[in-house]
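What follows is a set of structures for review.
Heads up, the next two complexes both have chain A, just with different partners, chain B and then chain C.
For the complex of A and B:
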């Protein structure tokens, strides 16, 4: 298959349209989508104040809900940062979902492996985190390798690899030879054993009333590092050169193939880390459907951020808090959380559509 | 495996391939015109929802089918305007539409079916064509819903249209070199709008087949990746219509095997069979199974 040059939005243009694109359009889209959501709530005959207060309570009404929302935002942010790094090299990583799954599978395997839980100095939870990240990274790097070797379009390969990973995860929790907990009765659920306490990522506050994990500061550090690497390092510059024109980059002596594989490895590793954090910081056991669309939502966060790490953080916080609010709205006000999907979909579609008015000049 | 079981297996392979056949041939037309619709998943889901809703309201599966098409057209139009008029990123708008439509159909399902969600809707009954259905041994393979024969008719007509008509050639050229097409005086954007709307029509039929002819009800997110599998069939079929048809049949067979293998006492992990289509497609794009040639302008917006 021949390589398909992929048109990404977000080629820097004039400062004016930058401000418009990065702030005004997303804000308008978010506000408009929420208004549609409010109208839908009214149309369903649910008292507006009840739905709104349930949403707010679930999203940031208590220390607990803020923590839960932040834990969700972390996963989205990591996938989004990875997306932006790959996008810098002109690569579209659609594989977040599978990279999360692989991270989850390998983190579970390591957490449950004999001896790991007894390791000192926090290694008991650090090794599974690193292992999960490497698993996700390898999953991403496969797509990079196939692109360099066979010219396979990474949009297609990362998507296919995602589905393969999702079913590998399903397989591993269905089979006792892999990660499924021992069957003691016919009612034994198809999921892994709970991971030992020492392999769980410690809570920042140490208290389950605000269960935000050390994943939060880790993600902030990663975000800052990514921003610096992309804008200030040789590696970041090389990625940019590859993204603009791989042929010219190769002529200038940049190792294009290695750059492509590395970019997708890093993107995949961040997805894998997100998966490991979801397992070790939140879910504590592996089940089918583990990745629950965080990969696709993270991809959307990355794309809407228009190549900016700050944008990724903003989008991840928004989507993370919306997920929490939606779940609470379903439980407390019996408004289906599907409504949050509608609002998210509207935000994505309208921001992506609005890119036209920003890219018109630069794309011509 | 006895001959009888084998024929049952073939018949269910074909039945399971039909929704894919509709959606994949629809997606094939778009991709040949240069457009990837990730939203084919959402369009199928909408079609399944519309089909079930229309049938439940009127008691007529024919009306359900019509309603499926009517309700999918705005979704296809949204994708088409985003892709062709606004030149938005095709992958992200497609995924956005899928998120949106999953929400809308789930909400709609709770609103309209809420209390009677377990009720079955009247569906299409399978039908045996004269002569073919009477054949000894293999006759049961042809015992399919009438929609299956509609799919065959559409695919034959489409194969002729794409290779033998001026519009078909222009459409394929729009996916290879849209600028050359524009210079020769053919409106590329109009062609591409038409292609996406056709994908919507076919995805609607495929989705409606799932809810009306197969499951006889709607469930939340019931397509569960069938639309993505259709895209995979287009890739594995190397963007050629007859190979896509074969890919769909192969994927149908892989699904049918999940139910057949335990019956004959073969223990193979389900996941491995479900994974097979994606794995095969990955090997294909990796160049390990023949050479894949995607349309050259695939997923690129067209600017005059």
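For the complex of A and C:
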């Protein structure tokens, strides 16, 4: 008989819904992590003001840097939203990196495919975006299918599928039969041709001095839609039921297998979309190292958000701006950008640790 | 079944001198927010004595245990252990004071052998399993607990696993041993040996506190009984076997037939009115030559054939482990038969998924309420509508207001008591949880067949009566019912006919009449006339 249950693990607890858990703790964690970062900068003998001004300039010193930071945040947010959706069904999608890669490969192929660039009504850039999303989605769905059919753990399959995707991308930019640009000399780089201008995602402002793309409003719409779907839709409810207790969900008539595959498809599709946006809105050509860790950083954003879409947005913005600041700090003040990784790590550890203690306290 | 004999074997309680209480609670209360789980409890637990806590679901028995074991802290009153103030901050603290508890749900590592489970966290440095095993065996044998220290826990029966938990407690030489509904999970034959163990532990000088709602067990172990109702101690008895009637009256506000307390929940039901004979009835469900071989190759079901007519209640009797669970699991769509077929409401469902089974008009009350029938973390309303949210959707979005209204209607109709339709399902008492599951399954659209597997397990008398009332109402509306239960008296009172399972086969069938009781009992032990 269960009069009063123990605190069940894995549920967003009451403590997290109060102001302290939601706002104060993350803010304190971020500030503290930055202070540690400053100490590290001083220890390296770099003048503090130079490092800080380089960081600030790179993150939000100009319209250009703000735009670049926002573009980075978009990728992180999309992967993070996907992570949260899969997590609702009790799934841990660690395959963001590979899903981005697949999105990038297929978006490149579509952008360069004959006839696409001439399509009207913006279809020239929309079709590659959709294609990239589907490619990432299929990559995620494979892991879902393996889980449903063979019981394979999705943490392992999504991770291993990532490696496959990353090497597929590498192969596709190494082989002229695939996406590599025609070899005119031995100095031709192993990367794809630049995609035609009509397949690039248009800039919000239309000017390259603030190159934030239409990916930003698209991501905001996706975030709102995801929040509504998770909290109010039948699909979101079914995912939650599957995540808590798949046996009971199945018995009650919820299609558990389809739910698992769909959740991972959606997570993968958002990763693929991130990849397509990175290609069509920022890099314009595909090269090895294309996904540059956005998949894993997006995963961290999703983990930190603890199942909240708002949390994903906050985390993505923070990490996106930090990434820009870090790059600039490395260039302007010769502080290794790895320092940003350290600060990110500290934030993760302190927020996760604080959440743990809050949960324990509320369990009492 | 075996409870009937248990009542007769009342041992004469040992000579009692008024002992010094080991643990005394005075004025203890516990509130969870607005909800008062316990108020003003005065109880004394004495060394050398077995003390039963009796009460319906939700009476506060488990909460009381949790306070003594330090899982929760009382919000008022105090506890004194050997005269000194006792306020355990957590279970570890309680254990340091010599208080040990056997929970309903075990905390064992199935992959490890028994001995490792017993030694986890207790040993540092070199581990001499053999020497430790000998020590533990001596202790276990002292209390009549048979143990095989090198068996893997996962291979053991529930009763054997419970013994490990008890030995784990006894290894700390506790002064007070708490058992939270220890018999709820046991087979009838295991119950007796558990009760013997409890007696021996008490005789060794320990205080034993046991939560139960089975009256027959009290006579065997209890020197004292405290009855809880609605979070208050409503009766004490120091001579329970003579005060049984008083205790029953205290436990439930209504009273059953004098002298027959065992199956009060079903004896309160009116006799079943059979519909006037209308010639052969159409069948609600048909099982045709069904067999099931499990993954290790054991034949769990062997050519079972059974037909249930509309409006008929067929009981499945049998000692547990004779194929009833496997049959239930197949009819629920959670596993598939190895050979044979089954049909319900005119559809073949042999390879159907749970979703298709529900859609065909089959309601299922699974054996495991927590793992299969409900999702504790979701709200009551969500559990009432589990799998049917589509019905409340507009453009894929759930109309929460309509869903809540519908949930409230169901709560009223099936008397599911909860503060609110949004209460977390896991906070409801077992009886209310089961009524909610019933509410969902009995309102399956086009319901033609209902599978009810142990629908009253762990429930109090009032809830048992409610559950069977609803099941009968369904049968009165032409639903065929397959009722699997290990309580023969319940089957006799509720079913129309009873089939007996033995080693995966139906070895006999009898009308559900009290005169057939002995006959069915001998069929259950495998004796065919």
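Please note the rule applied: the second predicted complex is superposed on the first by the 339 of 364 C-alpha atoms of A that agree within 3 Å, B and C clash if a C-alpha of one lies under 4 Å from a C-alpha of the other, contacts with A are read in each partner's own complex, and residues count from 1 in each chain.
Here is the rule we use: contacts are C-beta pairs under 8 Å (C-beta built on N, C-alpha and C of every residue); 3 or more make two chains touch, one makes a residue touch a chain.
Being a predicted model, the structure only gives us computed values, none of them experimental.
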Would you check which partner chain A:255 touches, where first means chain B only, second means chain C only, and both and neither mean what they say? second
Once the structures are superposed on A, label A:34 by its partner contacts, choosing first (chain B), second (chain C), both or neither. neither
For A:64, using the defined touch cut-off, is the partner it touches chain B, chain C, both, or neither? Pick first, second, both or neither. neither
Considering only touches as defined above, state whether A:214 meets chain B (first), chain C (second), both or neither. neither
Chain A: partner with more touched residues, chain B or chain C: B
Considering only touches as defined above, state whether A:247 meets chain B (first), chain C (second), both or neither. second
Once the two structures are superposed, pull the chain A residues common to the chain B and chain C interfaces. 1-2, 4-6, 8
In the complex formed with chain C, which residues of chain A make contact? 1-6, 8, 11, 228-229, 232-235, 237-238, 240-241, 244-245, 247-255
What residues on chain A touch chain B, complex-wise? 1-2, 4-9, 40, 44, 92, 94, 146, 149-153, 155-157, 159-161, 163-164, 167-168, 170-171, 174-175, 296-297, 299-300, 303-304, 336, 338-346, 348-349, 352-356, 359, 363-364
Considering only the defined contacts, which chain B positions touch chain A in the complex? 36, 78, 81-82, 85-89, 91-93, 95-104, 106-107, 110-111, 220, 225, 228, 231-232, 235, 269-272, 274-275, 278-279, 281-282, 285-287, 291-294, 296, 298-301, 303
In the complex, the residues of chain C that touch chain A are 32, 37, 57-58, 60-63, 66, 71-72, 104, 181, 332-334, 353-355, 358-359, 364, 366, 370-378, 382, 386-390, 392-393, 396-398, 400, 424, 426-430, 433, 440, 458
